Amino acid sequence: MKKNMTQFIGFSSVYLATVITLFLLGMIVYFIAAKGFSVLDWEFFTEVPKRGMTEGGVAPAIVGTFYLTIGAIVFALPLGLACAIYLCEYSPKGIVVNVIRMSIYNLAGVPSVVFGLFGLAVFVKYFGFGVSILSGSLTLGIMALPRIIASSEEALLAVPQSYREASLAVGATHWQTIKKMVLPSALPGILTGVILSIGAVAGETAPILFTAATFYTRGYPDSVFSEVMALPYHIYALMTEGTHPAEQTEIAYGCSLILLFLVFAISAVAIFFRYRQRIVHE
Amino acid sequence: MNNEMVRIKAENVNFYYGQKQALKNISLDVYQNKVTALIGPSGCGKSTFIRLLNRMNDLVPRTRVEGNIFLDNVDINRGQIDVVDLRRRVGMVFQKPNPFPKSIFENLNYGLKVNGCKNRAEREKKIISALQKAALWQEVKDRLNESALGLSGGQQQRLCIARCLAVNPEVILFDEPCASLDPISTRYIEELILELKRDYTIVIVTHNMQQAARISDFTAFLYLGELIEFGLTEKIFTVPTQKMTEEYLSGKFG
Amino acid sequence: MKEKIYRQLFALLAFASVLFLVGISITLFVEGLPVFMEVGVFDFLFGKLWYPTSDPPDFGILPLIMATVWVTGGALVIGIVLGVGSAIYIHEMAGRTQRAILKPTVEILAAIPSIVYGFFGMVLVAPFLQRLLDIPVGLCAFTGSLVLGIMTVPTICSISEDALSYVPHSFREASLAVGANRWQTLTQVVIPAAGSGISTAIILGMSRAVGETMTVLMVCGGAAMVPTSFFQPVRPMTAAIAAEMGEAVVGGLHFHALFAIGLILFFITLLFNVVAEMVSRRFRLKLGLAG
């Protein structure tokens, strides 16, 4: 009997832990959605901030985040994909590959603020790009690299070996096989990884604190050397630097909701992709 | 036997997976326009051997080959030969049908494109002729743009044969081509192989002794990585010189 | 010939990650070194006063280190209880449909940006706790731990669940067959077998918590003092870097001190990752999953 009692208590507490987790996470989504929705209107997406950040929209921040994200992916995707191709299709298995793998693994664990320091020292100062879209994109790109490599590698590994053999058997070269057979087959998986990275990059704040972001710009950036407003940084700045906390908090709710929505939309697309891919493979 | 033309000549071939020796001192000849069958119990090295003939084992890490394999008197494992060209000349059909996840047309078009056939009309002509040779044309001529994955298993295997024929090989390697097919599809493929030997030199791995007896001119019996006996199929199956061959053929082991 | 060029090109590009990792450590070393020279390693690490902008400045990061330790420790308790708890639920109790919903949900929650968690902590959790517990400030180590703990749940949960699912079914059957009930099977057979996998999850969760910046910057209160209670405002290492870099003079001692903190963070997380990798390798070996 005692045995069953313990089991009951045990499973109940596990159940409780799950309920609490879901409750807390539900709260976050609920509060931000509930308060954020009242702020969101057309103007919020299209207007520049007005009256000391208490009115108007956050369009420059949206645009800034868009540029930073695109820049980061443009930098990280070719590099990450090339790395994944090397590891999956060429890797001669040895010390070289182990060193590369270890670096990727450890790069993934570096704190985001440390990437920010690196970007500050190297891109902003050493290369003299200044606080700019370029510096921020490169910093974010390096941060996104491990994730892009991992997902591309997974996609490449999922391509059946028989496709490679069949392609080589009709006289295709190694490179032709990769370009015309392996990459097209792996494309949905690679795209899923890219989409997920977009979500991660768009929401990052710490790496752009010292490399790209600023609280306020007049209008929109005009070159890759401009500093920009960015959504996540905008939330931080509204909460800590402003002079009208009450009104600014409202706007921060709106920005948070946009970020939240972005993350959900991206995850939904990624899950859909994965689902469809599974169907294709069966 | 001596007046036949030898296309492939293997001399003292040893093959290793890491430390493990998979083939021991194999020497045999493959004759022009003949079907040579490799038989033996599973794990005897017959698939390993056939994959050496177009250097498919290059893809397997930590392997090593010793000895010589000549294609038309040129050693395929030495410097002068281009492995990509070798694979075009020595085509391969795999155990499991492995069409690309593309349309039927694209499956054949692929090999032509990677081999630098630029003219589309010419490619189409070659594709149709390959499909005809593979006895698949009648079944697929109205659905060339549909996915190859929609074909039945037997059709898929004939498509893979057509894909192989499209790039105009000289030798075709069949690695247990009927292993995953039903008896009717198997008969189709066997008839096709007999048809094909007029134009091509064929090597086939099979675990099915009757199949070897039905379609091959020469048979090689491998056991535990060694070539036990090699000769004309009718002789091997009626008067084998080795006791082990006789035991295998009579179903005593394997 | 062309093939060789492609191969070498890819090899070259593949080295980018190595380059960046090495680049990061060199940069942090070079920029952080002056502070170790001037202040001294011992005084820097164990000095109790962090007044980087006063005259003369004090560069002792013990308050920051202790803040990180406290907040991470608290977060870990919450993360383990909720994360491992829900992993067990998903693995042992949830049906197919529940599982199919819960797993992606956890994945999506891992993708919520830290700034959103920070914002949530600041506007809702802190005022709520302040009223509920009747504490002087809502933005304190406790609130930081709570929010940070929630953030680590998805990481801990999904890796632990993977570890649980790697335990061979035969273990479970054998235990049930000798008359153990499901809970006994779970606690005495399944969890011990998945133990190092779960440890990996916890170490990685810890590594993430230590390096997390925006959340702790926003909800921990920011006072650079060695904490004596969970309800004091504190300033973890990451928060110090993020908050102070803007006001530090480039090339000044404060600037270098912040890089030095970055260097220490870098090595702490590196250590955690290496340990996690070693533990998880042992786990795979134990269950015969080594590949």
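Letters A, B and C name the chains as they come in the text, with residue numbers starting at 1 for each one.
Convention: a residue touches a chain if its C-beta (ideal position, glycine included) is under 8 Å from a C-beta of that chain, and two chains touch if they have at least 3 such contacts.
The model shown is predicted, which means the values in this text are computed figures rather than measured ones.
Participant: Name the shape of the chain contact graph, picking from line, ring, star, complete and other.
Facilitator: Graph shape, chains as nodes and touching pairs as edges: a line.
Participant: Of the chains present, which has its C-alpha mean closest to the combined C-alpha mean?
Facilitator: Closest chain centre to the overall C-alpha centroid: A.
Participant: Hey, which pair has more contacts between C-betas, A-B or A-C?
Facilitator: The greater number of contacts lies at A-C.
Participant: Taking each chain's centre as the mean position of its Cα atoms, how many Å separate chain B from chain C?
Facilitator: The mean C-alpha positions of chain B and chain C differ by 55 Å.
Participant: Roughly how far is chain A from chain B, centre to centre by C-alpha average, rounded to an integer in Å?
Facilitator: The separation of the two C-alpha centroids amounts to 48 Å.
Participant: If you average the CA atoms of chain A and of chain C, how far apart do the two points sit, in angstrom?
Facilitator: Here chain A and chain C have centroids separated by 18 Å.
Participant: Among all residues of chain A, which ones touch two or more of the remaining chains?
Facilitator: Residues 173.
Participant: Residue numbers in chain C touching 2 or more other chains?
Facilitator: There are none in chain C.
Participant: Where in chain B do residues touch at least two different other chains?
Facilitator: none
Participant: Where on chain A is chain C touching in the complex?
Facilitator: 3-4, 6-7, 10-11, 13-18, 20-22, 24-25, 27-28, 31-32, 78-79, 82-83, 85-87, 89-90, 96, 99-100, 103-118, 120-122, 125, 142, 145-146, 149, 173-175, 196, 199-200, 202-206, 209-210, 232-233, 235-236, 239-240, 249, 252-253, 256, 259-260, 263-264, 266-267, 271
Participant: Which stretch or stretches of chain B touch chain A in the complex?
Facilitator: These residues of chain B touch chain A: 54, 56, 59, 61-62, 84-85, 87-89, 91-92, 94, 96, 98-101, 110-111, 113-115, 160, 163-164, 166-167.
Participant: Taking the complex as given, what residues does chain A use to touch chain B?
Facilitator: 93, 160-173, 176, 180-181, 185, 280
Participant: Which residues, counting only chain C, touch chain A once they are in their complex?
Facilitator: Those residues of chain C that touch chain A are 2-3, 6-7, 9-11, 13-18, 20-24, 27-28, 30-31, 81-86, 88-90, 92-93, 102, 104-105, 107-109, 111-120, 122-124, 150, 153, 157, 181-184, 186-187, 204, 207, 210-214, 217-218, 238, 241-242, 245-246, 250, 258-259, 262, 265-266, 269-270, 272-274, 277.
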